[in-house]
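What follows is chain A paired twice: with chain B in the first complex and chain C in the second.
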Partner chain A sequence: MNVKNIFNPRNILILIGVGIALAIPLMFNASQYVMLLMTTVLLYAILASAWNIIGGMAGQLDLAAAAYLGLGAFTTGTLLIRWNITPWVGMFLGGLVATALAMLIGFPLFGFKVKELWYALSSSALVVVLQSLFMMWNEVGGPTEKYLPIGTSPWYSLRFNNYMPYYYIMLIILVVVLLVNRWIRYSKLGYSLMALGEDEDAVEVLGVNSQSSKLKALAIYAFICGVVGGIFASIYGYVHPAFFDTSMSMEITILGIVGGMGFIYGPALAAIIMVSFREILRASLGSQLAGLYLAVYAIILIVVALYQPRGIAPLVERGLKKAQTYFVELTRGRRADIKSH
Partner chain B sequence: MLETATQGIITGILMGAIYALIALGLSIVFGIMNVTNFAHGDFVMLSMYLSFAVGSALAWDAVATPLITAPLMFLFGIITYYLLIDRTLRQMYVVQLAVTVGLQILMRSVALIIWQAQPRALQYSFIQGNIQIAGFEILTSRLFSAVVSLIFIAGMAYFMNKTWAGRAMRAASDDLGAASLMGVNYHKTYALTFAIGSSITALAGGLVMSFQQTDPVGGIRFGLLSWAVLALAGLGSLPGLIVAGIIVGVVESLTVSFFDPRSRLLGVYAIFILVLWLRPRGLFGRR
Partner chain C sequence: MDVEPILKVTNLTKKFGNLVAVNRASFEVNHGEIVGLIGPNGAGKTTLFNAISGLYRPEEGTIFFKGMNITNWLPHKICKLGMSRTFQVTRAFTHMTVEDTVRVGAYNRFNEKNVQDKVDQVIKVCDLVDIRKRVCEDLGLASLRKVELARALATEPVMLLLDEAGAGLNATELAAFMDLIKKLNQESQITFCVVEHVMQMVMGLCQQIVVLDSGEIIASGTPNQISNNVRVIEAYLGKRAVHARNQ
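On to the complex of A and B.
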């Protein structure tokens, strides 16, 4: 990066964002409720950013985020409950289990070139199927919650009595996922995926193996969801088949679309805005009528999707470009030739 | 063993006819407008609630409620079309997904607000009881629903092939540009199509309410079932839809009687995935 450019609006915004994210727990230290809320927001931001790899870049409308999340949660939970294996190991194994299932589903689906709609439907059905499977599998799941033991050390069992550690763990994962997004976006895989999202046949003719590119994207996405699922189980302190939540999967997909498909920060930004908004609605309306906050939230999602179909990231980009021009003019004494960015 | 199987198959065939009816609404919307309505199952859920509301307010039998709920759902379909679907037609495909999934969340939460989370059911239908044939039990309400479904599907086949409105729909599905040149206003045709698809769920909802209860998340199951039927049948064949509905119904029923009631969707999902892998245009599809 150019040293002269390091103070451009984009980097300043990133710095401010990271600063706020780091400072929030100190600001609201007293309120565990706010910490849980912020952790939930980060959870959605991570999942939506992971979705961006398979959905935003590769154009595959995956609706199975909660399937992979649930698998990660159950793997981590079961390992801790049965064999006292720390979630620090469990979450990565959970990620691997999720990836394995994703490969099992994705290999034939991509191989037979199942088209977007049918891929979306079969991934959405996967969540329902896993839920009923884990409902029946009493050793691991079953209709009652299986609680994670607290054990001797909270760091070993990843069971804290406040939400702050979870918040920072989630924050670190979000940064990592965003960096992974950035790395993929500007790698050979990313260019293949972006092209795939546009026109699959043309890309095939140019010698890109679309099946293996899509499988790689799906594997990374499922792995991230699985790892986050492990932490999800630790935060809630139990595992239950309700973790396989179709509504949550769909919400992740909508956040990815509303954020701006293919923009690295878009889905995370959408998640931060929309999920905070949803939780505020839940806090203010939830006590009066169950479901009212979701109705308002759904209407806003629909309106954003209809009137800003390319997502909110392009809006931000436009704003940033204006700010950049203004900034450069300000620092370099209004040189006319810079205006034509 | 054999008796359980036969009993399961009989129940499955009867349910399958109703699944075919539910999938018919989806098939019309998807086949003609190429609109993917992810909320279709929730249209069925809403219809069932409307049927519950009408049935309990007027003390009507569940099977009579479509007389009122079908016009209501027709209206709901027209409003939904002009308010949401029409605006997504020229957008990217994902916008349609986002909008219909948003609609799904909206319908589910509205149902939760109005009718709360506990399941709702109507009084036993006047067509309760069962018929015994060769030792097998046939629930009269299901038999009645299956027969009505089949008659309605046959009527729909007639409508699509013989009337101007039906032909206009099929023309718009084959070649939108040419149909527009021949004087078909596609906004109106699409609105009519969507409204018909939506009012079919009202009929299906009334029939299902004669022997089942409804809850706010019941839409997921009907959505998955009708997409599975549609994937199996392929587009453009109404008899195919009936056969596919029956296959799905029988598989579901056999999974329930031989394996576990909680696994009812597993067999359906297995068929769905296999069809997508092996025969993406369905068993009877024309494209």
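On to the complex of A and C.
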């Protein structure tokens, strides 16, 4: 690999991004508000990137992110509250619980090839059903918050008195999820999913088992949501059935679509832009217009659907390509200069 | 083994509600043959293809492929056994490149290590080298037909079903496409079953022709036998044409 390949605009951008992400807590003197905001942005970036696997690649309009997130939160929370099991273990068990439920639901849905609107409706129903169930299940959920104990060691109970550790944990998970995205996208599963998102019959006659491919995608997505749910519970310090939040699921889907279906970094990029924007709106407009951000989201979604139906990632791609040609010309020009001297 | 037909369809019936799209159809395809399936619009040709390739479940009848009863098998399993197909209205993966489209098929028999070699080979055979990095939505019909053939070919089939692969092509494109199919048939020993309206293609390619009308098979034989068959002329041109011919 030569120098030109390593220092192309894409890698430079990635480096800058990682650098900024690492430095943010130091830049703002670790203001707790900014830290919580940035952690929330990362949370959405992770969930939207996970959604990209089932929604962006496989084209299943999933609206159940908060269901899997909530399951992960309740598993982690309950294990810590009842048996003092550390969230470091709890979150992975939470991921497994979320995956198990996802398989139970995905098997018949994908078997009967439920798609588009019908899949969206069935998956969003899951969030509502779980919320009602956990509201009634007093041992685990119930109408009052169940608080997570701080215990003796903040690292054991994952309960810190500031947001910085959560930020870095989320950052690590985001990097892992993006790498998983990349790995899937350029593997047999990724190519099959991308094609399944376009035409299921046409892919099946090419030897692809649509049901099992989609189940794999759903499992990975649900697992990530479940794991993040565990950290979500730790950040807030309690578990409550309100974690099964329909509008959050909706938001993640919107971020995935606006970011660019099937583009690895698209949903994360959309999350960074739109969730920051949302929080600024919320801070400046205050409580009198609490739901306004969803209206703004809707407007952005309509604009994107009209002018950039494949999301913002293709736009970035085009820009990068231009930069790349410019860069190559620049280095060539320089070499030509050296030769002529 | 080779003496037995590679595909044997017996009494196949497919209904949609009260409409009998295919009615007790029986026919055979021998190994290495190119068989044409023709018939007027709405005769049930595509329905028959869909039933054979596993996209539809037939109400009655059996389908044997390579000596195995594949009736009611799922499409991906039938593909694993060695049969793939193309579609009448091209069903390209619009946002994927030609190369990635072919790769989806190539994964059928190849793993991450050697899939690229298969992709390269198929792209070369199907003459897609120049457009391999292009996205399918930017391609014209002739290229799309080739891409569909290529992705099916990448699954390494022993038998291919082509659903009106020649429709919409001009004379040059059609000739090139026919040459490609002939080449694949002779060099790679792939058996073809083609649904076709373009008579030039049917007569030029097929050793056997099966004629379908209103869901029933009304004739089968060599191109010569078929073009003189009274029932076929009747189905295509009406009874008066038969009278005119007899006078």
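Keep this in mind: the second predicted complex is superposed on the first by the 316 of 341 C-alpha atoms of A that agree within 3 Å, B and C clash if a C-alpha of one lies under 4 Å from a C-alpha of the other, contacts with A are read in each partner's own complex, and residues count from 1 in each chain.
As a convention for this text, contacts are C-beta pairs under 8 Å (C-beta built on N, C-alpha and C of every residue); 3 or more make two chains touch, one makes a residue touch a chain.
Predicted, not measured: the structure shown is a model, and the values here were computed from it.
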Chain B versus chain C as contact partner of A:Ala120, first or second or both or neither: first
First (chain B), second (chain C), both or neither touched by A:Met135: first
Winner by number of chain A residues touched, once chain B and chain C are compared: B
Which of chain B and chain C A:Met194 touches, first, second, both or neither: second
Touching partner for A:Val205 - first (chain B), second (chain C), both, neither: second
Touching partner for A:Leu294 - first (chain B), second (chain C), both, neither: first
Partner chain(s) touched by A:Tyr168 [first = chain B, second = chain C, both, neither]: neither
Touching residues (chain side chain A, partner chain B) in the complex: 61, 105, 108-109, 112, 114-118, 120-122, 124-126, 128-129, 132-133, 135-136, 246-247, 250-251, 253-254, 257-258, 261, 289-295, 297-299, 301-302, 305-306, 309
Complex contact set, residues of chain C against chain A: 53-55, 74-76, 78-80, 84-85, 87, 91-96, 100-101, 103-105, 107-109, 111-112, 115, 151-152, 154-155
For the chain B and chain A complex, residues of the former touching the latter: 36, 38, 84, 87-88, 91-95, 97-99, 101-106, 108-113, 116-117, 216, 220-221, 224, 227, 231, 260, 262-266, 269, 272-273, 276-278, 280
Chain A residues touching chain C - in the complex, by the definition given at the top: 187-188, 191-192, 194-195, 198-199, 201-210, 262, 310
